[in-house]
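These notes open a run of structures that come right after.
Here subunit A shows up in two complexes: once beside subunit B, once beside subunit C.
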Partner chain A sequence: MEALLPLFVVIPLGFAFITALLGRYIPLFHRIAIPLVFLFLSVLSVWMMANLRETVLTYMVGGWEPVNGIPVGIHLSADGFSVLLLVIINSLAFLSAFYSYAYIEQYTSGHYFYALFCLMVAGMNGVAVTGDIFNLYVFLEIAAIASYALVAFGIKKEELEASFKYQVLGGIGSLFILFGIGVLYWATGTLNMADIHKIIGSTAVSPGIVFAGVLLLAGFGIKSAMVPFHSWLPDAHSSAPSPISAMLSGVLIKSIGIYCLLRFFFNIFTASSQVAYVITTLGVASMVIGAFLAIYQWDIKRLLAYSSISQIGYVVMSAGIGLILLCNHGDIHVAALAIFGGIYHLMNHAFFKGLLFLNAGSLEYRLKTRNLLKMGGLASSMPVTSSTSLVASMAIAGIPPFNGFFSKLVIIVAAVKSGFYGLAIIAVIVSIITLSLFLKFQRYAFYGKPSESATTEKDVPFSMEGTMILLAVCCLLLSLLIFPFFRNLILMPAVHALMNATI
Partner chain B sequence: MVLFIMCFILFLVGLYGVITRRNLIKIIIALSIMEYSLNLFFILIGYRKGGEIPILKDAGAVPPVVVDPLPQAMILTAIVIGLATTALLLAIAIRLYRKYKTFDVSGINALKG
Partner chain C sequence: MNGMSLIVKKITQLMAGIIFLYGVYVMLHGHLTPGGGFAGGTIVAGSFILLIVANGIRVFGLHREEQLSSAVESIAILVFLLLATAGLLTGAMWFFQNYMPHGTPGNLVSAGLIPVYNLVVGTEVAAALLTIFLGFVIYKAED
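The block that comes next holds the complex of A and B.
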């Protein structure tokens, strides 16, 4: 099964080049082939998840076997957490690519759009499967550069400005990460993740390793838009074409931000409680400030982008609580519960925030505006968009029986059990603010006084409708993961993969 | 050690430039300075005093001290990535200049809040 790992990188990378070359001559080739490719990859990743369970796969690129137990060459490795991320990336990529079938007609040069899309997914899949820190940097940059270009795809004033801002901040983040990797190599003399963990665990903490930790925290903090570093996210995520916004907000900040952060601080460094407190603080700050900034927005996609910052804060906060408990030798089961809540919320957020951005894309497709004040009364003329966005809004606000309710509940229960009562109260308050945010979105977009366009508009084409309905069903089905059978099958391998190295 | 500290100072010079400059082209130059300082840093990690090039000359005759080849390979990759980022940044800067007729950041402010 380990021979399948390179396919997740090779297939999208190959199709990126094929699409860029052939897309101009064969119309419809890219619009049909690319969703099928991602459908295949998502089926493959689900199959891997069903068969993998608690084992770790390792694939040695080029057949370079370890010499005397020291790894040479690049290793690809997949454990429960990477495979879960592969499932999220590829299924959302399939849905976004299928949605783009109709949406991309607004733009010229659609084949370049699909080529960059494939390149971005190749980079993200690479980040998920790699076991080598420099290789991780290379894949991270592939995904990031493709996303810079995709943000500027509309080449209007706002898109270009957002892309420039994103590139400068993203570039600083990447350089911090590269610096951290250099310092880590200097201190340990190896690039393999498992090997670094072994060396760091067997020696005393040196200043070099602490410095590398600080640099990596700053770099991945910028990539995942935690609060002191968040200023690029609302611009970039609101200016990109909507399927790309769904990918950026739903997957990209998780795979090249949160995933790497958790991977480094749980599996590579020996955790210290100071770092864990810093991570928790960053999470709480993003959660609160993101929600408050979102209230003032009248542009739908900016509102959704700020709420992404806030929801990412939940994930980081609960992972931080888990790390604090593991460092202070607290209750292992509560720590597992906190990490479980974080990963569950990460998965849920990918689906409901993806759906919300696709809803915003449908509104923009029909109305040619993103301003909430110019909408109203669209519930009757756009029934599918309206009802699916209602589902997503209830999921993100945490109303049962949708998935967001259960993951927030787990996070709050974990915070209470670990003794952080203040954090639990903050999480509840932010959840209420999120509810008010999405009531505002529903009220101004779909209900209330009908705008002049409300009666004349019809709903969006089939591919866009179908995607939104599928995602809404996913939002409902994912709440099943709270039951022990599905939880042990899908989420617990990821939790154990993160905790094993730390204990 | 002095060289490492100077490398770090160069990195900070670049960071200062990115934060304070208001011209798009100068921001791009400052980012490149940061990148070059990291390239130097990686080469310094691999350096061994009196080391030779890491190539086996005759059969099995290993030189006593060789420089570490891995950071050199890594930095070749990083230079290529840096080229891609800089090219994309410059392309966007030119497009921005055509829209706004200026390279000044304070004149480019369509996005707020």
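The block that comes next holds the complex of A and C.
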């Protein structure tokens, strides 16, 4: 099964350039082939998840065996958490690519869109499977640079401005990450993740390693748009074409932000409670400030983008609570519960936020506007968009029986059990604010008085409707993950992968 | 734009070939001397860019040139991927396996696949830099 790991990078990378080559001459090639490629990859990742369980796969690129137990060359490795991320990335990539079948007709040169999309997925898959920190940086940059280009894809004034802002801040983030990796290499003399963990664990804490930790926290904080570093996100995520917004908000900030953050601070560094408190504080700040900023927005996609910041805050806060408990030798089971809640919410957020951005894309496709004040009464003319967005709104606001309810419940229960009553209350309040802002979205877009300026006779084409329905079904089905059978199959391997190194 | 004076045109015509050959030399000796695919590729791209700058931008069919260089770029990456993936099918079946005979260290034909990788990377870098340059020139010309 290890031999499958390079395929997750090679296949999308190869198809990116095949599309750039052939897409110009065969108009339908990329619109049909690319969704099929992602479907294949998501089936492959689900199959891996079903067979992997608690084991860790290691793959030595080029067949370079370790010399005297010291790894040389690049290692790929996959444990429960990486495989979970692969499933999220590839399934959402498949749905977004299928949605784009009709959506991309608005733009010229669609083959470049699909080529960049493939490059972005190749980069994210690479981040998930790599076991080498410099390699991680390279894949992270592939994903990030492809996403800069995709944000500017419409080449209108706002889009170029958003892309420029994203590039500058993303570049600063990458610089911090590269510098952090350099300092870590200087301090430990190796780039292999497992080897670094072993060396850091066996020596006394040196200032170099602490410095590297601070740099990496800032770098990945920018990449995952946590609150002091969030200013690029609302512009970038609202200017991109909608399937790309779904990928950026649903997957990219998780795979190159949260995933790397958790990987570094759970699996590579020896956890210290100071860092854990900083991570939790960043999470709480993102959660509260993101939600308050979202309330004032009248542009649908900006509203969704700010709410992404807030929902990412839940994930980070929950993982931070887990890390605090692990450092202070608290109850292991509560720590596992907190990390479980975080990872569960991460998975759920990918699906409901992806769906909400696709809904916004459908509204924009038919009405050519993103302003909520210009919409109204669309529930009767766009029934599929309306009903799926209702499902997604209820899921994100945490209304049973949708998936968001269960993950937020787990996070709040974990906060209470670990003694952070204040954080539990804040989480509940933010959840209520989220409910109010999605009620606003529903009220102004789909109900209320029909507007004269933006009306439509019919709903969106089949590929867009089909994708939204599939995602809405996913939102309902993912709530099954709370049951022990599915939980142990899908989420617990990821939780154990994060906790193993720290205990 | 009609390009620069006759002297500049003639000198660049004479120099471009030599610069191109030097780029190929750097690529081919990538496994023996400092340099390699990336450095050689930039030198090769430099020889093309020099010709375009000296002869003015109308001389070449820029759009066709740009399509061609972007096609070469894609093909070079695909060849690179194929060479790397072929490692999965031969010998010990590792991705990026160096399955060609290694030869004597220090010889020009040695190190198995690495010179081949260097050549492909060089082609890719040269084509990519040329595409970027042509992108700027076309943007400026159409403005």
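Simple rule for what comes next: the second predicted complex is superposed on the first by the 499 of 503 C-alpha atoms of A that agree within 3 Å, B and C clash if a C-alpha of one lies under 4 Å from a C-alpha of the other, contacts with A are read in each partner's own complex, and residues count from 1 in each chain.
To be clear about the criterion, a contact is a pair of C-beta atoms (placed from the backbone, for glycine too) under 8 Å apart; a residue touches a chain by one contact, two chains touch by 3 or more.
What you are looking at is a predicted structure, and each value in this text was computed from that prediction instead of being measured.
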Worksheet item: With the two structures laid over each other on chain A, which partner does A:Leu476 touch: subunit B (first), subunit C (second), both, or neither?
Response: neither
Fill in: subunit B versus subunit C as contact partner of A:Leu21, first or second or both or neither
second
Worksheet item: Is A:Tyr59 touching the first partner subunit B, the second partner subunit C, both, or neither of them?
Response: second
Worksheet item: More subunit A residues touched by subunit B or by subunit C?
Response: B
Worksheet item: Which partner does A:Met1 reach: the first (subunit B), the second (subunit C), both, or neither?
Response: neither
Item to complete: Go through the superposed model and pick first if A:Lys157 touches only subunit B, second if only subunit C, both, or neither.
Response: first
Discussion item. Quick one: is A:Ile70 in contact with subunit B, with subunit C, with both, or with neither? Answer first, second, both or neither.
Written reply: neither
Discussion item. Once chain A of both complexes is superposed, is A:Val428 in touch with subunit B (first), subunit C (second), both, or neither?
Written reply: neither
Worksheet item: For subunit C, which residues count as touching subunit A in their complex?
Response: 67, 70-71, 74-75, 77-78, 81, 84-85, 87-88, 92-98
Response to the item:
subunit A contacts subunit C in the complex at 3, 6, 10, 13-14, 17-18, 20-21, 24, 59-63
Fill in: Of all residues in subunit B, those that touch subunit A in their complex
11, 15, 18, 24, 27, 31, 34-35, 38, 41-42, 45, 70-71, 74, 77-78, 81, 84-85, 88-89, 92-93, 95-96, 99-100, 108-111, 113
Response to the item:
Within their complex, subunit A touches subunit B through residues 134, 137-138, 141, 145, 148-149, 152, 155, 157-158, 160-165, 167-168, 171-172, 174-175, 178-179, 182, 185-186, 191, 235, 239, 296-297, 302
